[in-house]
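Shared chain: subunit A. Partners: subunit B in the first complex, subunit C in the second.
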Partner chain A sequence: MQNKSITFDPNKKKGAPFMRRITKDRLFALALLTPSIIVTVMFILVPVFDSVIRSLQDYRIKNIIAGTPGKWNEFANYMKLFSNNKLLPSIETTFIFVGGVVLAQFVLGMAMALVLNSNLKGARFIRSIMMAPWIVPTIISGLIWMWIYQPQYGLLKYVVGIFSAGRVTDFAMLNNPATALLGIAIAALWKQIPLTALLLVSGLANVPEETMEAATVDGANAVNRFFHITIPYMKSIIKVTTSMSIIENFKQFPLIWTMTGGGPDNSTSTLAILSYREAFVSNNLGSGAAVTTIWMLLMIGVVILFNIIFKETKME
Partner chain B sequence: MSKMKKVLALLLVFVLTASLGACGGSPKEETKKDTVPTDTKQTDVTQAVKEETDKASGDYEFKEPVTIKFANYGVLEAGYDKFWNDAKKGFEEKYPDITIEFMTAEYGQMLTQVVTWVGGGEKVDLVFGEASWIPTLADAGILMPVTDAFSEDYLSQIYPSMLEAMKVDGVPHGIPMYASPFIMLYNKDLFEQAGLDPNSPPATVDEMMEIAPKLAALKTADGNPVYPFGMTTASVAVSGSCLTSLIYGFGGSVLSADGKLDIDNAGFKQTFEFLKELDDKGYNPQVSKLKDLRNLFALGQLAMYYDQSWGFNGVRSINPDAIDFVASAAPLAGGQGTGESLIQAHTLMMGNNGEAQVEATKLFIQYLLTEDVLIPYLQNVAPGYPSMKALSEIPGITESPVLAGAIKSLDTARSATNIPTINDFNLELTALAQAVTVNDKEVDQAINDFKTAAEGILSN
Partner chain C sequence: MKKKQIIFTVIRYIIVALILLFLLFPLYWVLMTSFKENMEAYKFPPTFFPEFPTAGAYMKLFTEDQYFFRYYINNFIVSGSCAILTTFMAIISGYALSRFHFKWNKWIIAAFTSAQMFPVVSRMISLYGLMGKMHLINTRQGLILALTAAMIPFTTMLMASFFDSIPKVLEEAAFIDGAGRFKILFSVIIPLVKPGILAVGIYSLLMTWDDYLHATTLIQTDSLRTLSAGVSVRYLGELSYDWSLVNTISVIGIIPMLLLFFFFQKHLVKGLVQGAVKG
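Now for the complex of A and B:
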């Protein structure tokens, strides 16, 4: 058997410069990362940690003004949220909104991307103007859609009146608790689909033409090519696009606050609305932080679940 | 990577890190000392101011120029901006040592913005806003009691009901500039078209419901329907105030004097039964904001609605001819109620940033409340009832079509209980109105749901 023992030769220093170089490189990399680490700690980790601490305290605006610390209140903020029948309906509304919008956004965005990626006449023109809704500030989008939905003289009422031959005269999407969330979702989709489509178009460009041609020669129809070639090749861009959409809609506030203020009868009161009301309408920052903490945990859970699902559906 | 490149990269990193460090520095401590008075400081300053005020001379000597920082959303609003800029100019001409500096934000953002400013170390000497902002700002420690700045003699010239609306823990924290209960504005032309006497508006809910079918049968010239009665129920805090006013009209109550929920009364329930009936009959535009009602009223699509008197400014901005058909009446009496209303005021609220600031701010408030400054504003810009009793008999007020018919409702108007969570509470009140109207819930069930939510808010 060959002797593999290593003997230490004090005169042999071949490894030392290598180690020194590795250490130097690591230090250099660390130095380069320093600003990012500082920014992450200062502007993400510290505020998140601070918010969690505040959620366990009686902390109000007067504490900020007077510079006094909050007082530990034995989870009272959390207990109140669970006892006043506000939190669970808000979580439910948030999930319905996020689920619906993300799904519709992906389907419609992909449909639009496929159209734009085709040789359809006018596709270039559509691509150049379709970003307009995305550029419009969210609050302005909300106001535009409020006018469209306006029950007495809105455009939608006019259109519904024409298509129903004057039989439907009181169509008021935002006034009905059953349709108000749908009304907001449509406004959100109008604003967000252009970016989704644009990102997906860029993903479609990564699908190799020769593979598609080979599949066509082998007899794969359009549906099979889409699900077995296009989607797998676009997996990474779909993942990014959908993650962005989940986060965007999970934290959607200005559109909902502008269009319905959480009404009617709290039917559009999401976690974002509840958090705002607790912190800035009721002026109880501790309670607002409690909603935010639950909201953040839910969002982390959703993103983890999303990543797991995408991992499991990985196509070879 | 060459050594030079590495050095450059490290230099860049150093600059970035140093600039991040520089972001954190601010002279907050120093500013805070001036802006946020401790109890002791506040007592000292207010005592000094009180002594000065008690001299009743108004001849405070400013040792150096003073700048009043005035948070005012009105400066951003067309129609109001001219008045405020003229007032600033006129005051600065009269008092050359004092300068007014406006701090602006939109109406909907102003309350939060003031808190943010002061929390960030910015001084705010004066805030123009709703009386309903007082509990929030007072609770945050931003406002000073006006009894510490003005003499009893001066305050006694203000309508007691208006001053009452400024109180937190029994102490007024604002000077009402002008006020209005929620009154009923109605369209005389539509009354005539419906064969009703335009000079005899309904005084009770029953009378209103009796004439409502005639008004509902009308159409505008372009074929749009006419709503007989408008009551705001949208998810905004002011709609909750308007609903409180309606509850008072039914003889009900909402909050007790100590800020507890007080809704186990007939008037409260009858109010929501009334709203449900209005909705069932299609008399009230659903989930409308006050501005929606103003639009409809201006366009001749609404016969009667509840609003503050200055809301007419919004009507006039859409239809300048509305002044020809508008008239006002006292709020309706319903159930066992006598038609009491909730008083609302546009208010001047003072911060305490030192003796000279307080004294200068006081002079400015007194200047704004003079006949020469205030009456043209109330006549031409924002119809309202002046807070100073001496100004109420001026023809511009007593003969205004927007103010004259409802002037007596001032005598019976009540103030709301001022609690820091009043805005959120008002939002929940609108949710109750929406539950019984657009969500078709039974009134008793909706009130029970409201109780659970409202108690959570009041426990805040």
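Now for the complex of A and C:
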């Protein structure tokens, strides 16, 4: 880190012509960057831009098969989404899902991180084995939880039966519109808490011990120390972990698609599910693109809002 | 004071125990179910340890099933190629971003940062048409390229942060000795960022192993399907699931990445933490 001030400028010593050296550097850097730029532009930026255009067209799978271009349809895709009342419930579901998972993930991850950071026996070992769910492929984590939630012989049905003293005997998490989203959120948390906890633990290491001790001597209690010392020192890592988890859950598709497919009764139909259904189940690519365009705008809005909030709290 | 400390310690252990139970019990449960006979798996109330442990479901999968291992091998080919391609591109581009500060850098970083946020479905909608035109749809190469593109932004920036921590004096010295730019990069600098290369490689392997959406939309031929896409098409019925088979598949699907992770954990964790802290 301390070498940042040293500039890579050997031409001073060699006395080579200034222009030639810069030009060569530029060509070299450009050559190294080209492959990444090409794939990013070709497979990410162009498709995203293209999908925004498609959202304004009547464009279906049959257009691809027949090779006919999409037709401008005067915002019909957007109007239909609003008029048939599919979009707004999806936006609501997405926000509930993202908000709930991000918050729960932060609280549980932070709890785990704080405990692991204290001089707990076996903390290193726990830190290592707790990462296991993070490695499990998303589809498989969906299957694992579906098996636990299984309505006839699932483990959860049994556990709920015991805790309710036999009163609830037909608990089916994913088949009930009231609990299906919660069921998916639990599976999402299961896979995501390990990484959050890990990153937060590494952030806790940056909190200076002397400051903590000084505050203890001054009579600050644990809660005060946490909010006035730990949190401010961890601001940057908290910002990164939270924005990562917002983006990841906003984009969450495979888990929901495997576990419920958006059902029952559209109770888990987030924007990701709605766009996929419109585009690849109803074969209406234009309509799906309209959903993803709105989705992107919402996500950009959330990220900007998030950055503003974090900047303002820095002022304090 | 002493009493308070004891209570505090007890609370700490309870928190850890509960979270660990939540994180690890499902894995135990899947493993146990995979060793149960179908009759026992469907028993209610469930048994917490198989009464008659059997590897029957594994035998069945290994000997009778013709699909699973094709998907499995495809997944190795696809995510292996993606990891190699991604790592190579992240090394050279990360180096360029870290060492040469030209005006375009901030545009590239802006493009990379936003590229990470775009929903995959929106890319799939147009890639479906665009790749059709390029004759890349329904090919392994197309899937590999699309997945690599998805990995490039994060891995390149992660790699750049590793190059940032290498002193520039080394390059200056090599330059004065008359070494060329490529030679400096490949024989002086790259050996120094080996931990970063490992972190990037394993991270991309893990992430592409997990892919579902790319493979489901871009591949239609069954023999080219990857693990997640194949499993969800072949083994997840609308109403009934063969649960002991599904649990066996889950276990086998997890094992390679779990081994890889625990083997290289130190490098990967250090790399990810460094990448996250630098943002």
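Criterion: the second predicted complex is superposed on the first by the 267 of 316 C-alpha atoms of A that agree within 3 Å, B and C clash if a C-alpha of one lies under 4 Å from a C-alpha of the other, contacts with A are read in each partner's own complex, and residues count from 1 in each chain.
As a working rule, contacts are C-beta pairs under 8 Å (C-beta built on N, C-alpha and C of every residue); 3 or more make two chains touch, one makes a residue touch a chain.
Remember, predicted model here, so these are calculated numbers, not experimental data.
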| query | First (subunit B), second (subunit C), both or neither: which does A:Leu199 touch? | reply | second
| Is A:Val136 in contact with subunit B, with subunit C, with both, or with neither (first, second, both, neither)? | second
| query | First (subunit B), second (subunit C), both or neither: which does A:Thr179 touch? | reply | neither
| Which partner does A:Trp147 reach: the first (subunit B), the second (subunit C), both, or neither? | second
| said: For A:Met42, using the defined touch cut-off, is the partner it touches subunit B, subunit C, both, or neither? Pick first, second, both or neither. | reply: both
| said: On the A-aligned overlay, A:Asn73 touches which partner chain: subunit B = first, subunit C = second, or both, or neither? | reply: neither
| task | Compare subunit B and subunit C by how many residues of subunit A each one touches, and report the one with more. | result | C
| Partner chain in contact with A:Thr216 - subunit B first, subunit C second, else both or neither | neither
| said: According to the stated criteria, A:Asn85 is in contact with first (subunit B), second (subunit C), both, or neither; which is it? | reply: first
| query | Which partner does A:Val240 contact after superposing on A: first (subunit B), second (subunit C), both, neither? | reply | second
| message | Taking the stated contact definition, name every residue in subunit A that is touched by subunit B in one complex and by subunit C in the other, in rising order. | response | 28, 32, 35, 39, 42, 64, 150, 152-153, 280
| remark: Within the complex, subunit A is touched by subunit C residues 12-13, 15-16, 19-20, 22-24, 26-27, 29-30, 33, 41-46, 89-90, 92-93, 95-97, 99-100, 102, 108, 111-112, 115-130, 132, 145-146, 148-150, 152-153, 156, 164-165, 167-169, 171-172, 175-176, 181, 206, 209-210, 212-213, 217, 227-228, 231-232, 236, 241, 243, 246-247, 249-250, 253-254, 257-258, 261-262, 265, 269, 272-273, 276-277, 279
| query | In their complex, what parts of subunit A are in touch with subunit B? | reply | 28, 31-32, 34-35, 38-39, 42, 60-62, 64-67, 80, 83-86, 150-153, 170, 172, 174-177, 260-267, 277-278, 280-284, 287
| query | Given the complex with subunit A, which residues does subunit B contribute to the contact? | reply | 6, 9-10, 13, 16-17, 20, 32, 36, 112, 115, 118-119, 136, 139-142, 224, 234-237, 282, 285-287, 292, 296, 301, 420-421, 423-424, 427, 430-431, 434-435, 438-439, 441, 449, 452-453, 455-457, 459-460
| task | Within their complex, state which residues of subunit A touch subunit C. | result | 1, 3-4, 6-8, 10, 13-14, 24-26, 28-30, 32-33, 35-37, 39-48, 50-51, 54, 63-64, 108, 111-112, 115-116, 118, 120, 126, 128-133, 135-140, 143-148, 150, 152-155, 157-158, 161, 190, 193-195, 197-199, 202-203, 236-237, 239-241, 244, 247, 250-251, 253-254, 257-258, 271-272, 275-276, 279-280, 285, 288-289, 292-293, 295-296, 299-300, 303
